[in-house]
Amino acid sequence: MKKNDRPARLRALAHEVVETYEQIGGINKIGDKTLPSQPAIVEVLQKLLTVVFPGYYGKQVPARANLEVLVASRVDDIFLQLSDIVDKTLHFCHNEPCQCSVLWVPEENGTRQGDFTRVAEQIAMDYLERLPEIRQILKTDVQAAYEGDPAAVSQDEVILCYPGTFAIAVYRLAHPLHRLGVPLVPRIMTEWAHHRTGVDIHPGARIGPYFFIDHGTGVVIGETTEIGERVKLYQGVTLGALSFPRNPDGTLVKGGKRHPTLEDEVTIYANATILGGETVIGRGAVIGGGAWVTSSVPAGARVLMQAVTAT
Amino acid sequence: MKKNDRPARLRALAHEVVETYEQIGGINKIGDKTLPSQPAIVEVLQKLLTVVFPGYYGKQVPARANLEVLVASRVDDIFLQLSDIVDKTLHFCHNEPCQCSVLWVPEENGTRQGDFTRVAEQIAMDYLERLPEIRQILKTDVQAAYEGDPAAVSQDEVILCYPGTFAIAVYRLAHPLHRLGVPLVPRIMTEWAHHRTGVDIHPGARIGPYFFIDHGTGVVIGETTEIGERVKLYQGVTLGALSFPRNPDGTLVKGGKRHPTLEDEVTIYANATILGGETVIGRGAVIGGGAWVTSSVPAGARVLMQAVTAT
Amino acid sequence: MKKNDRPARLRALAHEVVETYEQIGGINKIGDKTLPSQPAIVEVLQKLLTVVFPGYYGKQVPARANLEVLVASRVDDIFLQLSDIVDKTLHFCHNEPCQCSVLWVPEENGTRQGDFTRVAEQIAMDYLERLPEIRQILKTDVQAAYEGDPAAVSQDEVILCYPGTFAIAVYRLAHPLHRLGVPLVPRIMTEWAHHRTGVDIHPGARIGPYFFIDHGTGVVIGETTEIGERVKLYQGVTLGALSFPRNPDGTLVKGGKRHPTLEDEVTIYANATILGGETVIGRGAVIGGGAWVTSSVPAGARVLMQAVTAT
Amino acid sequence: MKKNDRPARLRALAHEVVETYEQIGGINKIGDKTLPSQPAIVEVLQKLLTVVFPGYYGKQVPARANLEVLVASRVDDIFLQLSDIVDKTLHFCHNEPCQCSVLWVPEENGTRQGDFTRVAEQIAMDYLERLPEIRQILKTDVQAAYEGDPAAVSQDEVILCYPGTFAIAVYRLAHPLHRLGVPLVPRIMTEWAHHRTGVDIHPGARIGPYFFIDHGTGVVIGETTEIGERVKLYQGVTLGALSFPRNPDGTLVKGGKRHPTLEDEVTIYANATILGGETVIGRGAVIGGGAWVTSSVPAGARVLMQAVTAT
Amino acid sequence: MKKNDRPARLRALAHEVVETYEQIGGINKIGDKTLPSQPAIVEVLQKLLTVVFPGYYGKQVPARANLEVLVASRVDDIFLQLSDIVDKTLHFCHNEPCQCSVLWVPEENGTRQGDFTRVAEQIAMDYLERLPEIRQILKTDVQAAYEGDPAAVSQDEVILCYPGTFAIAVYRLAHPLHRLGVPLVPRIMTEWAHHRTGVDIHPGARIGPYFFIDHGTGVVIGETTEIGERVKLYQGVTLGALSFPRNPDGTLVKGGKRHPTLEDEVTIYANATILGGETVIGRGAVIGGGAWVTSSVPAGARVLMQAVTAT
Amino acid sequence: MKKNDRPARLRALAHEVVETYEQIGGINKIGDKTLPSQPAIVEVLQKLLTVVFPGYYGKQVPARANLEVLVASRVDDIFLQLSDIVDKTLHFCHNEPCQCSVLWVPEENGTRQGDFTRVAEQIAMDYLERLPEIRQILKTDVQAAYEGDPAAVSQDEVILCYPGTFAIAVYRLAHPLHRLGVPLVPRIMTEWAHHRTGVDIHPGARIGPYFFIDHGTGVVIGETTEIGERVKLYQGVTLGALSFPRNPDGTLVKGGKRHPTLEDEVTIYANATILGGETVIGRGAVIGGGAWVTSSVPAGARVLMQAVTAT
């Protein structure tokens, strides 16, 4: 082929690329069945934020607004969009050889797998009915930030400027969806918050009220983490896995408790790393910045990295 | 309630959510008085960037442009938007039981609190007149990055691609607004830069010229930090508080010097943590990566974490 | 000047700012020759992502689509935009006293420097012809994430939700452009991924297949890093420089191997820092979280930071 | 002045233009009190169209939607926007030496002029309560088009494709606002429809049900026109004024019946012109295309222009 | 009801409006089956314009573009969108008691009505294969304008500035779709052109090559009009129906030739009206401005309205 | 070809369409030299409207705005955009075998044709310096509408709602550009106004102050029309050509006075048609609606169409 034969080279290239679509599986998504788009999921999430933090997210809520009509309309709108998203996701996962399909089948109800639309609507309705409860817990998280940071001048500042609180709010909204067995969607929600804040909370984690993450960049909270009440984390804290058991065929065992447990009133300073599913940080313990913890710590203990000194 | 009575359930839910608006205070913002929106503040910030880095941010500035007219028009436009934003913020904070209202009242001038619009215009004007000085110092920050990183091939690359320099530029623009006592607005500016770069600089910090942050993700610089000239930080460095004194009623004491002081020509490598309001890192000291420093370090010292070795 | 003479003060300010444009060089970009805009570069990058991950990025690809026409059209479109971007960049760098101009001149072909457009088209074509190969390696990166994380439920989730894999994909697309000697453009690409994910990979690094970065926030991979196959990094890992040799005039030596080498199957846990151009982490070695490594580690070694214990 | 002294010439020009702002009144609108913007008014109009033609305008209305919540929310939203628009308009007209201020003062209620906000809300509420009635009459207009045009294949086609019916619908929505004495706003609404369809119906005209305008371009229906039931107009028909009486000072008398009256079941063919406030076209009369009518026509008459023949 | 009980009044209003949705049929479109949206149809039309007038509509076509790839991609894209639009339209019309469903069933092929998707794809393909032919005839229309108007300075001006030529082009693209029996879609296309230009050409009309409409506002060309070659119309010309025969039940007879026939080289000046399905304007005849013609005119005749003179 | 071989048919179609690009000239615009886009021209026009009607078009102009800076910036911006547009247009027309190239060469200045950029800047500057004068005349047009229409309640309503006045304003801005010899651009401006209002004024017409067009749809004012002061037109009025002299080769003679002359204070009612370059309507004459005038009318005459009467 002559070097400067551009049309021919581009044509050949297109042909070659399409061949890789046929030969290399798993990274192509060609066909009429699709996942709900990330923007659609983020749109629902943003509408949920306008319901739980009215007036801070979305448009101003003037005093003259008829709140009950406003909320009813938002909730109805979210119901329609969310049940569509869940419906599409269930359809998508069912026919693929992926593991997520097992998550959502509520076998105890004897639901037939094909009846996705009805299941999706039921999930969306059950989910939405948790919103009042989510608001209760969000209130405690905002208070925890306001009370826990001397630099915070108002609760407004916390809601508008604290990335840790934002990431927690998204987690609070994504977690019940995860518990209802919806695949992918809650993960896309928390990953969007990760992108915006640098705080990566897996929607599967279980976290008590009055939770505060300051600054936040680099925080990682793994899928099977359990966190009590009034816990406080600083930037760069990892709550991670220590090792991954393997199946006889060498593949990793999916599932299982792999991430630590933090009891009430634990504080963990910047860049500390706590690893392991059996690691329990006892009530009121304080873990110093940069610490590396792979085994349990008793209640009330103070684990501090030795401060370095000048040479 | 029958499970499939969707309209009734959604109506009941809306009712219940609205009840939480009445019962749970502090996380609702319903009414006709509003804070300036985050997009409005970011818009002003972006216009300020087009003034201090002409041609890099905003539209191309062609050689034929009449620079004085262009700048005059931008500055006038910024003046109008910024004084509106400050005006709204002062109004907002005045009537709320929040702590920020004390910040902006220049009592020594005998200003009456109600005269917000005039105060706002005066603040906006005073602020804008610092722009030439801000440009002087920004020039030193760009030079510090170009000279301090062997991978930097041009000052263009620094301005266009270095997130640390971007976060510093936003801090340089937000800091004078903070000093003029404007609540919330400078914080929203630096938090926007935090979101974009992972570098969290509180607008209250005081930082000298020739400041360089390389890579930047995870850097945290607290409100009362003081930094001299020609200081260099790497990613993940925390300049934070060590402990929070409490009031007799158990609430945190707001204010007070809580974050460290870095003298001229200090270098701090990746993921080091320096804590405490009385901690002073002396001129020319070098703090190694991952170090944990909670007390002062003399000038010229090298504080290195012991490198681990293989087991 | 009277305090309330606003128009006069703003006029004076504009004049003063324009004076700083004349006095302070290097941070103004005024004139008719311009760099390609960051949005234009990101647009090309996003089109490249739709080619290598069809259906995940960009619009749905329905089963009825004529794949070869679709890809040919996308590739043709990218060719036109990319060759324009490269052309502008070469023009820009040629006349400025910057160091990047030396990078792109393929002296072995005896190309005259002025012949930018032809060179740009040749570079764009050569680059695009690497796309099939890039897809081959991307497939291995997706597999590495799916197989390496017990929380991953499907390859879809990896492509849609894993920021580390996203940052690697952008690096895979930027690196060949860097090797072809295009200044600035690949750096703007990876910096965009840094902004979105907190993962900062310099386009000059050399990285083998099956590469996995989990969570990712705070990872830094320097320009002269070399990484083998099946390497796995966690959040906050730095692969950086140890010290910077200086020229006789005190300026830093640009270029030279300054960052470490990781052999095949190395694993590095969260927040570890590996520094130095002569530091080699041997095949299969495991570096523990928070470790600080400045010298080579033998194959198979396990370097662990001593876990702290309660006091 | 030297020809090529561009900055000076542009500066001088700006100065001269600003001088004309001071010297030439009536075509400048500089100041803090403003009229509601045309886009804001069109937005309300489009929301009204989604209420009266659900599913044709605005988003799809899925079968699962909770209609009562949907409509309540739309109506509440329109109420807030419309009362703001009316409020601004009343404020604006009150302080200007314009004639519209007399229109809106419902003197019989003894309303004080200053109480604009309350009046605006009352007007908006009274207006909205006419929506069910407006829908009743719109239904007759759609039927008239479907039954009156052999080319119409469905009522869907009428609503989606008939510009005459669109212009009538906008008139139906603007007219009650005009009757409630709101200045400017209804006129901006019908002028928007004029722009889109070429059909210019003044919001002051009084028009009975089953009204059909076919094709429509060029139709003009003046402010004081009265039209009965089942009237049909073709493109280019003018219902205009014949002459304008003047005040003693030579200015035109504003107000007074100047446009014709059409009784029930009148048909007027293309490009006919009917002029004069005392001109009455009697029940069932047919006016031929291109006719010029300046005096009354008895019921049942057929007024035809003599068809020309070949020479 | 108390006057100022706003929430109650708005709630009652919403209830009342929803009742009209149930009571007043034919102007509501509530449910999951929907017509293709007008924007989607206009988007396809605009893509068709980029194919038939490359470089004038849509993006610039640079000399380096690979035309065959570009066109193949556009055509493929149009095929997918158009067949979806036709598919939706056929589904929609089938289940509604509307008359359009009879149009598209190609009974001679024995197609089952349910097989919409396949029929839609066949129609889209057949339609697209007429594009080369459409371009041939469009070329003659552009030439007719350039040669027929002394004010036209170039063919570029004709394509870019002549609304008559624009309306003809849209008709040329809509007509074959109408002939293939697609309901509503071609009508929405020509109505969009009507909205933009004031020229209302029904897609059912049959029009020969070298057709020119100057200025155009107010032109109406009815569904069953037939026009020969090299015909020229000015603004405001109506080619309409004279009377509408009725069925025994009083409804209009739909269908039937109702509009005139114009033989080759006819010219009709501004605002003339030609009516009736049996009216034939013979070859080369000239109809003067404002004329009213309801019977045939022989070839070569000149029909002029008598010019009025001063009184 | 098999009927269902879609990819092959689409490929063949693309090939065939591209062949027509080669065979059918004059309706393709492929290559790197391009006309300025219609949106770019409309953008400049809209900026011009914000200068001549400050506060009505574009953003609100608050009382605190620094008018001279605001106008200077707008004018500078317009200068840059307009001189680019003119430059591109001159380049474009120069190398094409089109007639417009002769228009712009100011031979009396001895300008070399190649020096487009300088000529374009000179034209843009000369044009802008006419803005104060354009504002003077626009003021008279607004007054003419307010004084001439009994339905007009304020000058605000005239500027915001009168399409005739809008079309006149665009003509006022386009005409000086036409006189300076710029091809195509002024035509695109007035055609945009035609699209929005149905009023088609050729930029070449010469029109005196105090000009009013009421309603406006269907008005056509030809290229060589001359109109005095205080003239008033109603909708559907044509000021057109009577016949087109031909060159010996049968092509139309381009140029020459072909449209009528209206002296001061002429009024022409709806749908009247005045034709011919030698037709002069004398001072103060009144032409009745629907009249057809092809020869001169003396000053003060009243030309009325005989009103039809019932049969």
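Order as written gives the chain letters A, B, C, D, E and F; numbering starts at 1 within each chain.
FYI, contacts are C-beta pairs under 8 Å (C-beta built on N, C-alpha and C of every residue); 3 or more make two chains touch, one makes a residue touch a chain.
What you see is a predicted model, and the numbers here were worked out from it, not measured in a lab.
The minimal number of chain-to-chain contact steps leading from chain C to chain D is 2. For the touching copies chain A and chain D, the fraction of interface residue numbers used by both exceeds half; the interface is of the same-residue type. For D-F, the equivalent interface among the listed pairs C-E, A-D or A-B is A-B, as over half of the contact pairs agree by residue number. The greatest centre-to-centre gap from chain F, using C-alpha centroids, is found for A. At the far end from chain D, in terms of centres built from Cα atoms, lies C.
Between chain B and chain C the centroid-to-centroid distance comes to 27 Å (mean Cα coordinates, whole Å). Inter-chain spacing, taken between the CA centroids of chain B and chain F, is 52 Å.
The multi-chain contact residues of chain A, meaning those touching 2 or more other chains, are 6, 10-11, 14, 62, 64-66, 68-69, 72, 76, 198, 217-218, 236, 271, 288, 290, 305.
Taken as a graph of touching chains, this assembly has some other topology, since it is neither a line, a ring, a star nor fully connected. Counting only pairs that meet the touch rule, the chains in contact are A-B, A-C, A-D, A-E, B-C, B-D, B-F, C-E, C-F, D-E, D-F, E-F. Considering their complex, residues 51-56, 60-65, 67-68, 71-72, 75-76, 79, 121-122, 125, 128-129, 131-132, 135-136, 138-139, 142-143, 147-157, 159-163, 196-198, 215, 217-218, 234-236, 269-271, 288-290, 305-311 of chain D touch chain E. Taken in their complex, chain F has these residues touching chain E: 3, 6, 9-11, 13-21, 24, 26-32, 34-35, 38, 93, 96, 98-100, 103, 183-184, 187-188, 191, 194-195, 198, 200, 202, 204, 217-218, 220, 222-223, 236, 238, 240-241, 244, 251-256, 258, 271, 273, 275, 285, 288, 290-295, 297-298, 301-305.
Considering their complex, residues 62, 64-66, 69-70, 72-73, 76, 80 of chain E touch chain C.
By the touch criterion given at the top, residues 6-7, 10-11, 14, 64, 66, 68-69 of chain A touch chain E in their complex.
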